[in-house]
Amino acid sequence: MIRKVLAANRGEIAIRIFTTLREMGIHTVAVYTDPDAHALHVRSADESIRIESYLQPDEIVSAARQAGADAIHPGYGFLSENTSLSTACEAAGITFIGPRTDTIRRMGDKLESKRLMEKAGVPVVPSWDRNPHDSEFPVLVKAVGGGGGKGMRLVEEPSQLAEAKAAASREAGKAFGDDRVFVEKYVRNPRHIEFQILGDAHGNAVHVFERECSIQRRHQKVIEETPSPALTPGLRARMGDAAVAAAKAVGYVNAGTVEFIVGPDGRFYFLEMNTRLQVEHPVTEMTTGLDLVREQIRIAEGNPLSFTQSDLRQTGHSIECRIYAEVPEEQFRPDIGTVAVYRPPSGAGVRLDSGIEENSEVGFHYDPMLAKLVVWAGSRSQAIHKMQRALSEFVLLGVRNNIDFLHRVISHPEFGEGKIDTHFLERHSALLRPATEEVPVEALLAASLSSARTPAVTGSATAAFTDVWTSGPWRIS
Amino acid sequence: MIRKVLAANRGEIAIRIFTTLREMGIHTVAVYTDPDAHALHVRSADESIRIESYLQPDEIVSAARQAGADAIHPGYGFLSENTSLSTACEAAGITFIGPRTDTIRRMGDKLESKRLMEKAGVPVVPSWDRNPHDSEFPVLVKAVGGGGGKGMRLVEEPSQLAEAKAAASREAGKAFGDDRVFVEKYVRNPRHIEFQILGDAHGNAVHVFERECSIQRRHQKVIEETPSPALTPGLRARMGDAAVAAAKAVGYVNAGTVEFIVGPDGRFYFLEMNTRLQVEHPVTEMTTGLDLVREQIRIAEGNPLSFTQSDLRQTGHSIECRIYAEVPEEQFRPDIGTVAVYRPPSGAGVRLDSGIEENSEVGFHYDPMLAKLVVWAGSRSQAIHKMQRALSEFVLLGVRNNIDFLHRVISHPEFGEGKIDTHFLERHSALLRPATEEVPVEALLAASLSSARTPAVTGSATAAFTDVWTSGPWRIS
Amino acid sequence: MTGRELHWNKGASETQVRIEESGGHGIFHIGEQAIPFVVRGQGWLEVNGRNIRYYVHRDRNEYSIWIDGRTYRLTRIQKGAHALEQAGGASGEVRALMPGKVLRVEVAVGDTVKERQPVVIMESMKMESSLPAPKAGAVIAIECAPGQIVEMGTLLVTIE
Amino acid sequence: MTGRELHWNKGASETQVRIEESGGHGIFHIGEQAIPFVVRGQGWLEVNGRNIRYYVHRDRNEYSIWIDGRTYRLTRIQKGAHALEQAGGASGEVRALMPGKVLRVEVAVGDTVKERQPVVIMESMKMESSLPAPKAGAVIAIECAPGQIVEMGTLLVTIE
């Protein structure tokens, strides 16, 4: 039995973990660095311990020792997929709420994990030392010795392959001192579809269906949903089987995710395995009724899974939007400031996992994700309408954010038709700015009423100092 | 197709109706009286119209005409079960989102509805003109001519019946000038269990399972849940069949509720039929995935139900707590004031249907219900833990309320065991006050820090004037 | 470091406290106890290594304090003074606790009443509430009538 | 009833408005339009019979207005003045848009740069962002180095 858990994380995920722990009657411990001294996650725990960095496993483990915590939940990011924390936990006799160190290590090595999956019969992106069959085109020529795009060539036609290999080989030789190249399948306009898995220490493993995570910016997910509009029941079953095979191949214990890319032809390939709870886990919870953190705790306590694959069902449709402190209109640059007005939406089918409240400070030290807005409805189109409703009710002022941008994305006709892949935002770059820059007359009126009796500030100073004069709705006096 | 709907109501239910309408792309119209001029429900609609009273059907209908609304949703309370509104709608050619006038009338007459249900084979509380069989005891002797407890006797044993009838007859003769009495079954410690029904204009009717509403104070529900801990699958099926029979007996169109009382022996009796959406409808939505307001709109548009009985399933467990502006410790007297701090809970499995926000005014003109806190979890015990978590996170200052009381009720061991009936709060009257009145030292410290530099007010004035000096967390300056 | 002295009233008992604070660190004196604390930020205290998130709302001398999932109520009083409400309660005055309508007056001038006996029935927010006699005695004045709308604090009945 | 005159800047265009208000009722003059409005309460307007719920946050002369589900940004300016930000932008100064770490300086003193060419790469909140040259010209000063932590508004590079 776990009685006290330290969350080695911050923001919304630390708070989300504490929430389940509190419902299970387990005591909670937060850690925080100096910039987070006043953060909401610290106030949400029973007790808290100051540390220098979320990236120092020794510090985390001694904080757990000091608080008398018998387990550590790593959340996502930071040390969650780093064997140094799981190893330090083992040495200290503290339960690490995650997979075995050996699993983290093997899945962290992208080449080893690919070899292992191939052996287990999980499809991986095919590659050839010599020439592939004509039907496999387009292909990529890649350098054995390095990456970063150097020595890489996209080849559309078999006739162009020889020349491309020669050019890539010359480039690779110059760049890496190794002119060997190989040929890999090129998946055009892929979707990113991942499967949630759960495994226990008794050898049982199940998948908890998929999450479609194709809407990305800067290679980071922005909107996730389940079920994927791209999967037929047959394809879902085959991918689910592959995910379970992947879990069993490494004797996976706890919650993890098997990431696939899926081509427009419906062929899928193993990409990597994430050995932790994902940011987007709520959409799985909304459609299956599971509490994945609760399952993680129960597995870490040594319990067998309390269900089998056939007990699990997908019901309805769920979408998650990540609320970032960033300016999509300015290349998604992050913004900082004080949350002056915070009125998140509520009501039927709306879930909010938030790391902030009114008056929270958003600094530049950590990830700019502030909250996750999640909806559930009976169908995909109803879920989109619910998300539109929820986003248009969400008031967040004081820190620039992507709420209006998210509304534009989910309102795009091709999003509505489920025509999404990882290049969606590049293809629809018009979404980066509003259709019209025009400010409605009512907004000018509201601003004019609020500017009341104070004069405009003059002078040449850059207007970049955050000096909050008013917050909340302006009071008519 | 309905394109614009006026909600003839206020508070959380008007807002909840607007929410679904907005998700369906239907325009929204609010009505408001002078005390509600600044209420949240008015600001939540696309447009709003001032009226003198929520109880004047002609005013409501002319407001709908003025706004060009093609339908009226009555919500609950006010005119929702009054044929005057549905009749006025018919006359004006406006769709009334509810059952036919004839149904409202017949179900509003408690004697006619009982006769009609008896004829349809729905069990009603048995009564006898002469003497019941010995096995039917305890029984009530009741006066034919009147009510209010006069001429009423509870009889435990058959041997006491003759004397009780004679005494009751004398009392009734004096009180009502009519000494006739009859004998009715007495259900001791009954549960209040109701079934949601949906019927369409094409003759289809289904039930959407039960709601257990036994926790009541002043004959008003406080906590509702589904599934009922008292129902076996067999009893649920029989009661569901009875509810559908009741719906079909009156050709029920739209959403309604069949209320039963259930004895400790598992026998159930028709009590009445509510011809409207219930306050507690969210627990049904949480466990079935339906949006009952959406179904109401679709039925009012003339669509057939899009599912049959066998398509409907109950999943998990849901509990609703009604947040009232009242003081349970002082005989549940209502309180008024300004909502100075409002931080409702959020996160996984928590739904809030709220009629207020920070700075809302709570007056004495209308019902003191402020919001409904609803949770969903995989099992009843998990749902109780989630509700405990949510209530203990709910910050509401400025208006006295029942949040702490609700926490005490759901934390009671007998509530946890599902041992609830309509006398629960009478039996456990200790719940009306906290187990200890002691103020923790931390609360004294927080108050002392907040009282900072201002002197205590002196003098003999009653400290009963609401003059809000600070709101929100006190700022350390 | 003399600090501020404050007096609180909860129910019948009076509590005297002293608070010493400098730069966010302080000591809270209550009875024989001296409790160190740290002001961690707006609405956030640290006491004995435990985080305490709180909200305080003040309405004149009445304080509501949300802390650890419960709301407490305290009245701030002058040193040695009785709580204002108590002082009022002992006076034999029956006042409206909130705005509303007088439904019934259950006594007549000259009646003898027992303590806690219902004197006036009011309706507020569609609910009836009964105002009890604050002490035993004789009704000497009735200053309201059924149907009358009254403000909060209005004197309705006096008992002597 | 002369009212207040205000000047707003959105992007490149300047808008002059006049607001007349008395007792919650008023007229808003913008261009040729005269729009009657009612102040219904805190954060709530009525314009042409439509309820408008709004929130305004002000940071110096920068206003964020949430209205009808979207957030708009406006800069309040003196009559006839250019927007402050624009004035700064034309000066050839490259400043840190937020606090963070300088990762790389992509130019050297004496280099000729094109408008919008990346000059400095910074890291803030674990993300890289590139600061472009505000105009074409020659780099005349570099006042930062890779690895350096800089405050918001710090002058990093000057272009002439």
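A, B, C and D label the chains in the order they appear, each numbered from 1.
FYI, a contact is a pair of C-beta atoms (placed from the backbone, for glycine too) under 8 Å apart; a residue touches a chain by one contact, two chains touch by 3 or more.
Because the structure is a prediction, the values reported are computed rather than measured.
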Most distant chain from chain B, judged by the mean position of its C-alpha atoms: D
Distance between the centres, which are taken as Cα means, of chain D and chain C, whole angstrom: 50
Centroid spacing, where centroids are CA-atom means, of chain A and chain B in whole angstrom: 40
Interchain centroid distance [CA atoms averaged], chain B/chain C, Å: 31
Junction residues of chain B - those touching two or more other chains: 343, 359, 473
Residues within chain C bordering two or more other chains: 41-42, 44
Pairs of chains in contact (touch as defined earlier), listed by label: A-B, A-C, A-D, B-C, B-D
Partner chain B, residues of chain C touching it in the complex: 4, 6-8, 10-11, 15, 17, 19, 21, 24, 28, 30, 33, 35, 37, 39, 41-45, 47, 52, 54-72, 74-78, 81, 84-85, 87-88, 95, 97-100, 124-127, 129-130, 152-153
Touching residues (chain side chain B, partner chain A) in the complex: 15-16, 19-20, 22-25, 282, 285, 289-291, 315-316, 343-344, 346-354, 357, 359, 376-378, 382, 385-386, 388-389, 473
Chain C-facing residues of chain B, complex: 218, 325, 331-337, 340-341, 343, 363-368, 391-393, 395-398, 400, 403-404, 407, 434, 437, 439-451, 456-476
Contacting residues of chain B [partner chain D, same complex]: 30, 37-38, 42-48, 359
Sites on chain C touched by chain A in the complex: 40-42, 44, 49-51, 53
